[in-house]
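Each of the next two complexes has chain A plus one other chain: chain B in the first, chain C in the second.
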Partner chain A sequence: MSGRLELWLFVLQRMSAMVLAPLVLVHLGTMIYAVQGGLSAAEMLSRTQSQVIWPVMYGIFIVAVAIHGAIGLRAIIREMTPLLDTTASAIAVLFCLLVLILGFNAVEAIA
Partner chain B sequence: MPDIRGYGALSGCAQEKNEDRALTAVETDKTLKVDIWRGGEDGYYQSFTVPHENSQTVLDVVTYVQRKLDPTLSYRFSCRVGMCGSCAMTVNGRPRWTCRTHVDLVAEDGCIEIAPMRNFPRIKDLAVDMTVFFDKWRDANARFVPTEAELDGFAEVDPDSRERKEASAAIECIGCGICYAACDLVSWNPDYLGPAALNRAWTLVNDVRDGDPNGHLKAVAGDAGCHACHSQQGCTSHCPKSLSPTASIAGLKRKSFAALLKGAL
Partner chain C sequence: MSILAAHRNHPTYWAFLLHRLSGLALAVFLPVHLYVLSMAIGDGAQLDAFLDWTQQPLVKLAEVVLVVLLALHMAGGLRLLAIEFLPWRDSQKTFAACAGAFAIGAGILYFLNLV
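Our next item is the complex of A and B:
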């Protein structure tokens, strides 16, 4: 595996973490605020469909999670299992695609 | 026996009891139970009883065993004053420089367990093979690349410059291997260059006289280089010279990122 690839993965993981940090705070804050008056699908949908910012925010969230999680998963597999590096990378790519598909499926549902 | 006169008058009975306690304490402090690893990868702990002395170091204990009890015990030491980095061992589960580790600091209920350093191939008893450790200094390109002939005179390095301060903070490594033994990442990924080699590379990246700073960064930005570090700081918490290889590795991450953006890598 080339040094440049490792370096780019490192940079991508740090940058995706920088994107994730404020979004997680907004997500948690919204959850705490939203559950005050009870939790229902209708209430959630009315909020997420009221402004385009919500699906956009969660779309960015999904992309950042897919990148960040996949790179982290790859590192864990490489360090903690006897699997080959190429296998670890393949699993990470599949994980990334799975998160993107499931995530954007969910974003589409709340948009 | 401790001098109790400064603590006021005691009754004869109380004084006698006090003396009894003191004597008991001295008796139990007279000896140490020392378990020492014997053999190579497949070995066992052998127990020895060693006299407990004042200001005794763990290296003193090992030397006593080798000279008085079992001359076949193998271990490595040289300077005995914390300069050469030869005598590192695992003492009660932690990597330490034994020549500067006092028994009273580490003994638990009068017992000490001494083993070879973790993450190194074991040769015999307490001696480990350091080859892989120093090979990684080479792999990290952790050697000075000269630019000018000596005849051109001394290079002027501003002692207050940021580079000089960064290099100074990391330069006192004695190559003992304790950071390497303390690093969990080395145990997970045997190819990982390790804290000492990366720390040395960091001093060279900050050496304004060095002719190839990007060459050093290229060597450590590889698959098992600085970006593999999890910043767990096992190296920093165990370094006997109080260096912070973790900080050096973080510096290499920053510098290699900047070099990548500039297209230098």
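Our next item is the complex of A and C:
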């Protein structure tokens, strides 16, 4: 693997982490608040459809977590398993695509 | 010689290991989470049927564990960003402890609101 690719992945991993940190904080707060009295689809949809900021926030969340998770998985596979680098990269790309597809389906469902 | 090399038996090594393990667990959980959320499409009846299933004590316990793992991964990640991008400080063990405390705190708050 080229050093330039590794450098870009390092930068992307940190940049996506900086985007994710405040979003995760909001997500944790929302979960702790929303779980009171039990969850229901109607309650969840009334919240996520009340303001356009929610689907926008979750859309950004999906892109950032697809990048962050894929690079993290690749690093774990490369450093902690005997699998080849190309296999690790392929798994990372598949993970990224899976999260993007499932993620935007979910955002569409709650928007 | 102990199974765990001495240089690894250190709070910041455990912080590193927990960051990897929590990240891995979250990566495995995420596609399932997103798939379940997509059940909200339409009137949400399918999602409500799934939410009924989540009322089981073991599922609730798994939810609390996932909240702790998410909080731990975020706080541990901020610790890493601080190490990489801010001037060095000699309180690395304190940062690791703060990350752990934040995660446990988030888990307790979630648990108290869940039950």
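The rule is simple: the second predicted complex is superposed on the first by the 109 of 111 C-alpha atoms of A that agree within 3 Å, B and C clash if a C-alpha of one lies under 4 Å from a C-alpha of the other, contacts with A are read in each partner's own complex, and residues count from 1 in each chain.
Note that a residue touches a chain if its C-beta (ideal position, glycine included) is under 8 Å from a C-beta of that chain, and two chains touch if they have at least 3 such contacts.
Computed from a predicted structure; not experimentally measured.
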Note = In this superposition, the partner of chain A with more touched residues, chain B or chain C, is C
Request  = Could you say whether A:76 touches chain B, chain C, both of them, or neither, answering first, second, both or neither?
outcome  = second
Task = Look at A:6 in the shared chain and tell me whether it touches chain B only, chain C only, both, or neither; answer first, second, both or neither.
result = first
Query = Just chain B (first), just chain C (second), both, or neither: which does A:95 touch?
reply = second
Query = So, does A:40 touch the first partner chain B, the second partner chain C, both, or neither?
reply = second
Ask   = A:17 contacts which: chain B (first), chain C (second), both, neither?
value = second
Remark   = Residues on chain A touched by both chain B and chain C 80
Request  = Could you pull out which chain C residues touch chain A in their complex?
outcome  = 20, 23-24, 26-27, 30-31, 34-35, 37-41, 43-45, 47-48, 51, 54-55, 67, 70-71, 73-74, 77-78, 80-81, 84-85, 106, 109-110, 113-114
Ask   = Within the complex, which stretch of chain A touches chain B?
value = 1-4, 6-11, 75, 78-80
Query = For the complex, which residues does chain A have touching chain C?
reply = 14, 17-18, 20-21, 24-25, 27-28, 31-33, 35-36, 38-42, 44-45, 62, 65, 69, 72-73, 76, 80, 95, 98-99, 102-103, 105-106, 108-110
Request  = Going by the contact rule at the top, pick out the chain B residues touching chain A in the complex.
outcome  = 185, 188-189, 218, 221-223, 225, 227-228, 253, 256-257, 260, 265
